[in-house]
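As structure tokens, here come the structures.
Two complexes, one shared chain (chain A), two partners (chain B, chain C).
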Partner chain A sequence: MEKFIELLFEEGLSFFGQINASISHELKNILATVSETSGLISDLIEISESGKPLDIQAIKNSSREIADEIQRGFITIKQMNTFAHSVDNSFGEITLTDTLDLVINLSQFLSYASQVEFFKQEVGEVKVFTCPFLLQDLLYQVLAFAYKLTGHKGVVRISLVNEEKETTIVFENIPLDETRPFPEIRVQKIADVLGISTGILPNRTGFFIKIPLTLKTMYKRGE
Partner chain B sequence: MKVLLVDDQTQFVSVLTKRLNMRGIDATCAFSPDEALALSDNARFDIAVLDVKMPGLSGIELRRLLHKKNQDTKFIFLTGHGSEDNYKIGSAEAAFFLPKPLNIEKLIEAIRQTASEEKPDQSFNDER
Partner chain C sequence: MADEKTIKVLIVDDEVSFLNAVSERLRLKGFEVFSADSGEKALEAAEQLSFDVAVVDLHMPGMTGQELLEALKVKHPFLQVLILTGQGTVRTAMECMRQGAVTYLEKPFNFDQLVDAVGEAFTAKLISQYEHQASELKPPSGKISENQ
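This part shows the complex of A and B:
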């Protein structure tokens, strides 16, 4: 327990800050686009007031772009809200696919993020009793590590394998680099506390993390 | 005066370029560092306005590559991040470091001052 609390302070606050900064960056980009697009509408109106015909199509396009950006903002704020509530309880039951979806979305704000293909159709609903915040931290750091190896033009493939005693999250299509061993120290520290094991895939196309039954994993297939 | 704007936020940089063009500034935009480097093979830009955080290559790294192609190009950085490190590096390497969302009149003033090599007015730089 002492180790867990230590880790929450040591790594958790840093992770919270990291996500906060990336979300604020995304929101600033959205506001910048809305601001420029509304500025363009004002410019077009000003031009029309000097006698030139009003470009209705350009106004319509700008209006649609603003609506799209507002929608992008809503989605970002929803993700921010879900993330913020992940610290409500130190321990709790989460749905693994939902947590992965959230972390993938948050990690996409990284400037070096690769594309992600998440194959979740084949698995049922996997419930895990864990520390939701630290699990998110671990998944985020693993994804960030994968992106650095894969590059922003690459595609990281993620799948889940339900076994009798554990759930394995597989990260594939990653060019491994011997000078950058997996897992990094930060990931290893969190994995140790959460009882998660990690490793390289036998065919060396990526790596995996195993969430054992000791975290009270329950499968609810077909629900 | 030719101005190159580089940002992966395509709608933002397209509209900004259009608005600069409407104000008589010869501006062109690129949606990625790769595109910016390709454009600068065929044109000499007096000023490049670079977003700091872009996929593949940061604005600060792109500045070094563009500077190798044309040592006369001057630089202005845009950022939505405001990280201390970026700010320090950016301030050292560019005339201006402007925060997003942007005030177009401040950008135009920054472009004019950069082109005439006036010293930056810190009021443009101090907002993070």
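This part shows the complex of A and C:
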């Protein structure tokens, strides 16, 4: 338990800051676009007041852009809210596909993010009893690592394999680099506390993490 | 203040809607504008066309704004680069200024600030070109009277 609390302070706060920074960056971009696009509408109207015909199509396009950006803002704020509530309980039952969806969306704000194909239909709803916040941290760091290897033009493929007492998340289509071994220290630290094991795929096309469906036993042992 | 109508601006940002809106607004102000949605495309454009000022977003996939700044300053030393940042990366923006960027603006900014900054950057370009030309014309120190 001591290790867990230590990790929450050490890594958790840094992860919280990391996510806050990337969300605020996204919101700044949205506001900047809304600000410039509405400014463009004002400029066009001002020009028309001096006798030039009003460019109706440009006005229509600009107002559509603003509506799209506002929608993007709503989605970002919804993700921020879901993430903020992930610290409500230190331990709890989560739906793994929902957590992965959220982390994939949050990680897409990274400038170097690759595209992601997430094959989740086959597995259905996987419930995991864990520390939701630290699991999100681990998944985020794993994705960020995968993006760095794959590059922003690449596609990371994610799939789940259900077993009796654990679920494996497979990250494929990643060009492994011997100079950057998986997992990184931060991921290993969280994995140790959450009872997660990690490894490289046998065909070396990526890596996997095995998540136990419950942490109860280990929590009781006080590890 | 320099004649704004002659200023050629390269604007680089991966946020396409933002890029289009700012480019159009600068055009309406009389600037000649070329827009690029990546650092790689911006470098290509700078090879083909001659720009006075580049407005570069810091946070881009692929070639970052900082990498683009470095490449542009090597190949086009008189080009004045103005950095845009949406992150709380003021430290990175300051680093960019040490690498030769003329100034930086934090998003979202006031458009008039951008127009002023582009105008000032253009003036800075004229001054640095003038200084460079003057230094090339300068005779080797102390020798001119003896030779004459």
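By definition in this document, the second predicted complex is superposed on the first by the 213 of 223 C-alpha atoms of A that agree within 3 Å, B and C clash if a C-alpha of one lies under 4 Å from a C-alpha of the other, contacts with A are read in each partner's own complex, and residues count from 1 in each chain.
Convention: a contact is a pair of C-beta atoms (placed from the backbone, for glycine too) under 8 Å apart; a residue touches a chain by one contact, two chains touch by 3 or more.
As the structure is a computational prediction, the values presented were derived from the model and not from experiment.
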item: Which of chain B and chain C A:Thr82 touches, first, second, both or neither; value: neither
item: First (chain B), second (chain C), both or neither touched by A:Glu69; value: both
item: Contacts of A:Thr198 with chain B and chain C, given as first, second, both or neither; value: neither
item: Contacts on chain A seen with chain B and repeated with chain C across the two complexes; value: 21, 24-25, 28-29, 31-37, 39-40, 43, 47, 62, 65, 69, 111-113, 152-153
item: Of chain A, residues touching chain C in the complex; value: 21, 24-25, 28-29, 31-37, 39-40, 43-44, 47, 58, 62, 65, 68-69, 111-113, 152-153
item: For the chain C and chain A complex, residues of the former touching the latter; value: 15, 17-18, 20-22, 24-25, 28, 59-62, 64, 86-88, 107-109, 111
item: Chain A partner contacts - residues on chain B that touch it in the complex; value: 9, 11-12, 15-16, 18-19, 22, 53-56, 58, 80-81, 83, 99-102, 104
item: Interfacial residue positions of chain A with respect to chain B in the complex; value: 21, 24-26, 28-29, 31-37, 39-40, 43, 47, 62, 65, 69, 111-113, 151-153
